[in-house]
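First, the structure itself, so that you have it in front of you.
As written, the chain order gives the labels A, B, C and D, with residue 1 at the start of each chain.
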Amino acid sequence: MIWQFDIIILVFMVVAAIIALRVKDLLGATLVFGIYSFLICLLWAEMGAVDVAFTEAAVGAGVSTVIMIATVFATARRSRD
Amino acid sequence: MTMKFFGFVAVVVVGILLLAATGDFPEWGDPHSPASEGQVSSFYIERTVNETKVPNMVTAVLADFRGYDTMFETVVIFIAGIGIIAVLRNFGDGAAHVPDPPEPDEGSDLIVRSTCRLVVPLIQLFALYVVAHGHHSPGGGFQGGVMLGASYILLALACGLPAAKRRMGERKAITLAASGIIIYAGWGVACMFCGGNFLDYASLDPLLPGDKAMARSHSMLVVEIGVAFTVTAIMFAIYSNLSTRGRLEKGL
Amino acid sequence: MEFLAAGFIEDHIVPKFNYWIYVILMMIGLYAMITKNNLIKKLIGMAVFQTAIILFYVSIGVKEESGIPILSHGQHHAIVDEGRPSEEVITKEKFANPLPHVLMLTAIVVGVSTLGLALAITQRIYISFNTLEEDEILDQLRRGGHD
Amino acid sequence: MTEHYPVLILLVPLFGALLATLLGSERQVACWFTALIALGGSSILAIGNICALLASAEGELRYRMGGWNENSGYEVGIELRIDMLAALVVAAVVIVGFINTIFAKTRVTGEMREKAAFFYALNQLLIVGLCGIVMTNDAFNLYVLIEITSLTSYALIAMGNRRAALSSFNYIIMGTIGASFYLLGVGYLYIKTGTLNIDDIHTVLQSGNLWGDTSITIAFILIMLGLWTKMALFPLHGWLPNAYSYAPGVVGSFMAPLMTKVMVYVMLRIMLWLFGGEYIYSSGLVWGELVIWMSIIAIVAGSFLALARTDIKKMLTYLIVAEVGYMVGGAWLANGAGLAGSMYHILSDAAMTFCLFLAAAIVILRTGDHRLTAFNGLFRSMPLTMIGFTVGGLSMIGLPPTCGFFSKWYLISGGIEAGHWSYVAALLFSSLVNAVIFFRIFERAYFGNLKGVADEQLPDDGDCAPLLTLERVPFSMLIPLFIAGASVLLVGIYNNTLVSWLKAAMPPL
């Protein structure tokens, strides 16, 4: 574990979470959420939780993002908030 | 507006509550905190390799010490899959739905399709490696299963859903998912027939090569394969239902 | 005053930075779940909320100077093939606590299952109401008559 | 063989669910039969389990998964622990599931068709989850199983009409917040104690004298908040009425009696076995008082809201909110009678809620009306169903031969013993309101004019289409109702035996 990395990634994560929740375009929000997942995956790897990181990369950044995008395409793309 | 205010108050109250507790925690990364130095964690770190001959402690704890948890984790995935089908799947009896124009779903253009054909076997090969090598390196049934499922999703994205459905039809996916859990739970029941408790892999020693610890190691591989079956099938089922609003006709 | 603040940061924030951030992320998620009007935004909030808890758990497992919880080839060889006692070969402090990792693997799986099911229900709602905004849906129900 | 009973109770319906999915919806009758056999077998095992427990000397059974023994005093694997309370609740869960499966057959054919196999699978998996929750002795395993029950109930509820889908979405949001708070609380306990086994956490808390720590207090608050959200204690009950009343008929009839009761059981388990009575009741006298007041508000508000409803199922769901108040209040009275009342009420409330929901489902199905007007003149046209409904209603009011009377008796005597008169007053008030609610219905049913079935077809979303002719209700629906009605009486008559068993299971306060 390297605490400098830790802090940088954590700050980026907070920023990504806020952006994902503020963007009005749902496709954009979903993609930023994908970025958030990749950051968190990086963080797990940095903290020594390699199995969790592997799962997060496959599930959080991979499948979750894909099924969210699928839903956005199947429904509406614009959001009012 | 009231909702925003109420939400803000709730968030502030819970936030203060949670921050109040952090003051009491051991420092981050403290090797002498109760959680890190406790008997349970020490046992996992020091004894896993003697008991199971598996160098990856996470795999050993996941599939053996807490195997009962992992069985239910697989059941959770299974529930999500059949729940999505139960909620969303449209078997086409509703009159409201007008059939799509007869435009065959060919997927994307040639370059994407050819690249995909090239990459999918590699992904699947690597996924199998991840499942099988989970004892020695990061990975295991769940991660490998997601990757296998993702390879089918990639196929559906690039070559169209019908192409992927030819390889993994709905009926086949459900059967595969159910059989994954049957492998897992059935292996546990087999342990009961050999005189142990449920999921007590050591009792299968007479049937498997090697000693008791090796029996545990081999059994972990079996249950990981079961997990991989379920996860592969369900991941693809989730994607195919969500991308077509449950009609399974034409993908993204 | 300034001195006090610096002391507070040094004592409470720096060594427990992860715990502070997890609370912040969790509150972002909770706020979005309660106040957002769009159903998919609510679900993104839910996912952030759940990852915050996972962050908390994984932070428990970290030890200073610790590596990944997998034995090296040499250690594995020494214990399994040469039969040396494991307490001698393994120093506990060098390995992250594996238990929180295992728990969080399960929690991630539960999270993605919930997300998938929630997205399916969202699509069901969209098919019936043709919108994802909660207030518009409630409006339609109110205009539709009975409770 | 006997020692494997606990895990077999879970495994039989699990395999039943998998078999049902493998059979597929085309073989609907086979699916139904599988579910019936699996849950029936599980019920027999659960009763056998009670017998085994009565025969054993320690008064509890432990089952170690994977055969991992404890290591220097700490469990490294996952352990099941069954005492009398757990055995009784498990038996109640599987028997309710079994009877409801008999009941479900006619409805599933009509309502779900292609999805019948998934319904039977999810139904059985929900039972698996509930049984697992009751028996497990591992705090994290409890979370996984809570999520299993939640996910199955989200899916089952969303199988209804479009209102059901929206209610299910709200339930997902609330349910996830609740479960996550629970998970966080367990994390706080883990960071301080280093173990996840409920008994071991208790030992470490005691030996390390960690009671005073802020993080332990906050862990307790978080776990309780999470569980209260899940069990719909009054200010957190928002998701329950819509979810249960818009769910498909067969789903509501077994989710309503089981889900909230099992969560009350988990609360008791966490209070008495994980934290221990000495912590909850001594240092926590201040918040004990607070929780009792919350439960009083829940009882009064639930009763009033039920009184105001004209929709049958909505009314019954608000009664559940009031009943949750009974149990939470009884658990915090800090004396044996209150606790015994609370535990006994889990069983009796399951029986009477089940009875009422079954009767209501039959009435709604036959009259096609989901408002109280449906009951007009029903004593003449469907006397058998109304007898079942009357038994359930009298039990809700609390009249002597029924179990509702005895559970209120224990709760009130607990309240008097603790000197908490306002709780006693709230219970009596709630009985009064229930009397008004149910006698209003009985009056309609006796003196109201029976209207023709189809003279007022409501513009409903399709849940209430009359399936059966007016003349008779099929036996597959009447027999479950009679069994439920009989169990209301049986649990009442044998209250002495049950309460003595429960008192034996209670840890010293």
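Assume a contact is a pair of C-beta atoms (placed from the backbone, for glycine too) under 8 Å apart; a residue touches a chain by one contact, two chains touch by 3 or more.
Keep in mind that this is a model prediction, so the values were computed, not measured.
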Exercise. State the pair with the higher C-beta contact count; candidates are B-C and A-B.
Key: B-C
Quiz item: How many angstrom between the C-alpha centroids of subunit C and subunit B?
Solution: 17
Self-check item: Computed distance of Cα centres, subunit D from subunit A, in Å
Solution: 37
Exercise. Calculate how many whole Å lie between the centre of subunit A and the centre of subunit B, each centre taken as the average of the chain's C-alpha atoms.
Key: 19
Quiz prompt | Centroid spacing, where centroids are CA-atom means, of subunit C and subunit D in whole angstrom | solution = 30
Exercise. List, in ascending order, every residue of subunit D touching at least 2 other chains.
Key: 140, 144, 147, 151, 154-155, 158, 165, 184, 190-191, 196
Quiz item: Which parts of subunit C, given as residue numbers and ranges, touch two or more other chains?
Solution: 17-18, 24, 30, 59-62, 64, 66, 68-70, 99-101, 105-106, 109-110, 112-114, 116-117, 119-124
Self-check item: Contacts with 2+ other chains: residues of subunit A
Solution: 1, 50-51, 55, 59, 63, 67, 70-71, 74
Exercise. Work through the pairs of chains, note which ones touch, and then classify the graph as line, ring, star, complete or other.
Key: other
Quiz item: Okay, in this complex, where on subunit B does subunit C touch?
Solution: 3-4, 6-8, 10-11, 14-15, 18-19, 22-23, 25, 27-31, 33, 35-37, 40-42, 44-47, 49-50, 53, 55-58, 61-62, 66, 69-70, 73, 76-77, 79-80, 83-84, 87-88, 136-138, 142, 238, 241-242, 245-246
Practice problem: Note which residues of subunit D are touching subunit B in the complex, please. | Solution: 4, 7, 11, 14-15, 18, 21-22, 24, 63-68, 71-78, 114-115, 118-119, 121-122, 125, 128, 132, 138, 140-141, 144-145, 147-148, 151-152, 154-156, 158-159, 165, 184, 188, 190-196, 204, 213-215, 218-219, 221-222
Quiz item: Which residues of subunit B touch subunit D in their complex?
Solution: 17-18, 20-21, 23-26, 33-41, 43-44, 47, 64-69, 72-73, 75-76, 78-80, 82-87, 89, 91, 93, 171, 174-175, 177-179, 181-182, 185, 189, 192, 196-203
Quiz item: In their complex, what parts of subunit D are in touch with subunit C?
Solution: 140, 144, 147, 150-151, 154-155, 158, 162-163, 165-166, 168-169, 172-173, 176-177, 180, 183-184, 187, 190-191, 196, 311, 314, 458-459
Self-check item: Touching residues (chain side subunit B, partner subunit A) in the complex
Solution: 29, 56, 58-59, 62, 130, 138-140, 142-143, 146-147, 149-150, 153, 235, 238-239, 242-245, 252
